[in-house]
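Next come two complexes built around chain A: one with chain B, the other with chain C.
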Partner chain A sequence: MAFEPKQPQKKLKYEELRIYTDEELRNYTEEELKNFKVKHSIPDVEELEKGPWPSFVADAKREALHRKKLADDRVMIPKDVVEDLLGQLQLSFDDGETHWKHGGIVGVFGYGGGVIGRYSDVPEKFPSIAHFHTLRVNQVASKFYKTDFLRALCDLWEYRGSGLFNMHGSTGDIILLGTTTEQLEPIFYEMTHELDQDLGGSGSNLRTPSCCVGKARCEFACIDTQDLCYELTMHYQDELHRPAFPYKFKFKFDGCPNGCVASIARADMSVIGTWRDDIRIDQEAVQAYINGEILPNGGAHRGRDWGKFDIQKEVIDLCPTRCMWMEDGKLKINNRECNRCMHCINVMPRALRPGEDTGASILFGAKAPILEGAQMSVLTIPFMKLEPPYDNLKELIDKVWDWWMEEGKNRERLGELIQRHGLWRFLEVIGVPAMPQMVKMPRANPYIYWKEEDVPGGWDRDINDYRARHKR
Partner chain B sequence: MAFSLERLGKYNPEKPTENRITDIGPRHFWEFFPPVIKNNYGKWLYHEILEPGILVHVSETGDKVYTVRCGGCRFMTAENIREICDIADKYCDGYVRFTTRNNIEFLVDSLEKVEALKKDLLSRKHVSGSYKFPIGGTGAGVTNIVHTQGYIHCHTPATDASSMVKAVMDELFDYFTSMTLPAHVRISMACCLNMCGAVHCSDIALLGYHRKPPIVDDEVIEAICEIPLAIAACPVGAISPDKTASGKRTVKIKKERCMFCGNCYTMCPALPLSDKEGDGVTILAGGKLSNRISEPKFSKVVVPWLPNNFPRYPEVVQAVKKILTAYASDARKYERLGDWAERIGWEKFFEKCDLPFTEHLLDDYRLAYDTYRTSTQFKFTEAAWAVSRAAGGID
Partner chain C sequence: MEDIKKAIIEYAESSKKSKFYFKDMEKAVQNKIPGAKSRDIKKAATELVNEGTLIYFSTGSTTMYGLKGRGITEDK
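Now for the complex of A and B:
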């Protein structure tokens, strides 16, 4: 099978796009790097060069040296931005406070997101990072890249920005850290025209959707997470670039209930792959696990001697619904009782596989603690078949957004609105009935908001009528 | 075409809409998949972790793909990305992948290539001696810490992120390169509770936190903030309108009501709250995201505050190690940190981890009652005897 992009994609050849020559890219020696000192005294920052874990300081210093040795006209923002950034980091350590000012409205024409203004509050000390804006670049679904793309992006960003990245930011974007206001439009122009690549979201809009590795390299994926992520990203470009929402809105796509992209904790709409038929069992492979021929859990525990694999103790007894047992040497599963937690499949991936009738559960409303406390997404749609072009999901999203844009207060996430108005109101909006799967347990208080039409005779009553039966 | 070298490139500020391209989205994923991924998309049968950091995925076509996973820094330079590209060009036909947790994955089609790649990756070190591409982060170990921006590029942090991650991962390095724990342990770091990293469902979460109420910048607040929005931003109603002696509009803050969330500062730059003595680190533990065995759950606050002792945060590192060591020696196979704590009881968690339980850990925000124990099912620990003594119940 193969997927087609929605529009023709420009073939990228780094050799055609490149800005820097090989000599410029290798413009310092290891010896020079060893002896290199940045222009500020940064003893605490330099302390972080030690230790086995990759040092971001050692990395930043090579970028600083590389920039320093480029000719003046080979970068469009100051050459010493990395040195000033490290200097400001040291000052922040000294002061125990950040030295970045509060925001600032900058952007590219026609977009309300994708660029975050950033200004140093000590520009006299660190003039090169006085203006140091962030751009968010919409990452490729599941973060596979070709080096032609990455190298071209490096040249562009080193030439017109700091050469400093986040690979990747928390929401998923490639983050470009630090450039001047003047260079924002040129960067956007080159990125869209030459790299065929757009910015991501920021502010009160659809944030850049993200997904797990999915069917590209995982046997558990129940949905095409990349295709879903790409299709919805493309379909909702306007919502992504032009803030019109009460606050941010995140989509994340997990291929299975293992939840590798953490959608249930951080997406306003969490799409999690699942199945509704039976777990596929290969009884011979089950025996191979029991006989110790295959390591359990894909070898994830091989660093320690946990003793011989015990299917009763490690699988059957840990099943949260106790829906498995051995019978005549065969593993049996009562699939009607299974809640698809993935444990047995994770432990014995060669013997057990998710079913073949796959789709997704849709949950809504996760968010971090600001403001009313952290929330996880609430199970709302138990199962939805998801086939391109995913019109059923898009219709659902449109209903959710209409309601949230109408009722949501400024900076109120969907999950908070659902809490404020009640889950049942949300269900009315999206047009689905209530089901017990939406709750851990029914409510313990009887404070039900009965509606007038629920009660025979309505709510308007005559006090005289009442008093005719009951004296004052 | 090539990139322009002009100062403003091909962009014409006189005519900003000329030839403008917008709303094109990201590059399509399919062209960035290596051939073995394209050929086996949706056909993977199973996987195995051959050793820490090395995975093999086997397809129903008989194809295999080997993945070598390396720890990376979320904050990285063009120089570093170019080095990653050099490696990908040499061994992986120019393809490379990044993971959700800031790891770097090199995919190859044979064990011979895995060996050559491993040797190459581990030989690459920064001049200061740290690995550039440590191999690991798989299975029952500690993988890379996801984190936020910190002092590097954010205006609201209560601590720094990159430095704390470096300090913690240096200490936990052996857990990254091995698979000796009862289950995988996910550590996450956010430098304020806006939590752009959403760390609230992690086995161990490190969270920067303020402890001093905002300072009101009376001189400018009227000019730079929407005062009603700043007032409405406070979830506990601690901000109210006020006037300065000279009659300027401003706000006053009921300091004892503030719980230091910083939401007002997000709405209004005239209400800064960062402070050297006030700011520090809160540690939460026992959260999880996966639906495996138990439901996903939030992390719980287990250490209310530790100082920002830059650049190595010894108190934070020490607390993380205590939790991890107790978990490693006491939990059962497949048991996540939070499941372990719930099985033994949180009172035993504090005892085994040697962490003090203080009044700060008693919830007093929304739905606090949900966390109170309303049964006589508890275990006796030193903390229980201390209460009994204080009440005159025992000598």
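Now for the complex of A and C:
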């Protein structure tokens, strides 16, 4: 389906939006970089540059040198902000504890989220990062950007912030790392008015919805995740920007059960594309896989000789519900038993495809382990048709929110509320009958919640000693 | 709406803590104005924020409300 914007879209041109010249952007040589020393001694931080992997330290040093060589009036926050950041990181390594304080009254006018206050608790040592606030930028669905946009955003952030990014944070947003309070409103104005770009969610808000690559590039996508993500982001703008929830709430949209945005592990409401008819089988292609004419897994493992493809060993015996078999040279599937593990489809994508009657399964309650340990989402609605304008899904969301906002305690995630009241109560609220699959919990906790007595030596600490080194 | 705004300010001025959760504010308003709806309280709070009477206080993970001028209000 073609993209239908809900408001006129600007055509951004970097040449019109740029702040820096090409000379300013390429203002140092590799030789200069080699000889560059940041102003603090950072031996442990520099250790992270060693080894085969790319290092954020190497990137940060480039940025530090780049800023150092810009003219004083070409940046709006201190030029040595990156150097102080690396210096404080070294101090944290020395002390074995963080020197960041977080939270406060920073934000942009009218928004309760999108900006997260960060402050150094040793500002006298590292004055340039005394304020080092983070901004969350609402990524586009599936993170398809034009370079004009990215370059303009980089220039803006270089000029009004530290120049350091996370592409992307685990929420999905672009994270702009580090600026001062005075720069927040100008950044927000320029981002919204010139780049047509909104901030994302933080705090007790709906967090920035995120989705997999979906139908844009993936043949497995059973739902149009991008359209759904955009529709719900626009529909729930108030919930995204003006906090009134007991705590955070996350939607994530996976186009198929492969779960490329891991919604089942991370989202309070996970929407996972699925089908309710039969897996489509091309028997000729099955034979081609068996005969070695088509490489399994799209050729992903061709770097090593694994021997001849064995459909029995590599597909049929690995089916978790044992619902596949060969009969008269043909592959058969008992679709009623299929639990959407996706293994057979992933191994033989030319031969097997998801069915054509597609929609989504809706699961609720995943969360990280702050209270009660980590939880995966619980399958609540096995199948729901999802077509624009998704009124059926919105109706469900509104019911869930009404209950959670009424019954949830402060800082209680939906998954914890479901645990506290019981799944039966949640099902009653949303009007869905219970099924045996919901009651069973075949899930494992991937995190270990250590108690003090479990750890040799415990973790007693003297608060006065701590405060001597960390201002409140 | 004006009643709700008044009740919010009264709560913000009298609460023991200078920063409070939406839910606690909601309960206080509903004690004063039985039947006040959650969405209306949110709308009233948003208006108060836009007028500059209330402020948001965010840790990054949780958001609280506060009365401007009470408790920590400077950017520190």
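We take it that the second predicted complex is superposed on the first by the 438 of 472 C-alpha atoms of A that agree within 3 Å, B and C clash if a C-alpha of one lies under 4 Å from a C-alpha of the other, contacts with A are read in each partner's own complex, and residues count from 1 in each chain.
Simple rule for what comes next: a residue touches a chain if its C-beta (ideal position, glycine included) is under 8 Å from a C-beta of that chain, and two chains touch if they have at least 3 such contacts.
Since the structure is predicted, the reported quantities are computational estimates derived from the model, not experimental observations.
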Clash or fit, chain B versus chain C on superposed chain A: fit
Partner chain(s) touched by A:102 [first = chain B, second = chain C, both, neither]: both
Touching partner for A:112 - first (chain B), second (chain C), both, neither: second
Contacts of A:410 with chain B and chain C, given as first, second, both or neither: both
Residue contacts with chain A in the superposition, chain B compared against chain C: B
Contacts of A:71 with chain B and chain C, given as first, second, both or neither: neither
Partner chain in contact with A:455 - chain B first, chain C second, else both or neither: neither
First (chain B), second (chain C), both or neither touched by A:463: neither
Where chain B and chain C come nearest after superposition, their Cα distance in Å: 6
Overlap of the chain B and chain C footprints on chain A, listed as residue numbers: 102-103, 109-111, 134, 410-411
Contact footprint of chain C on chain A as seen in their complex: 102-107, 109-113, 115-117, 119, 131, 134, 181, 202-205, 242-248, 405-406, 408-411
In the complex with chain A, residue positions of chain C that touch it: 21-24, 38, 41-42, 45-46, 49-50, 55-63, 66, 72-76
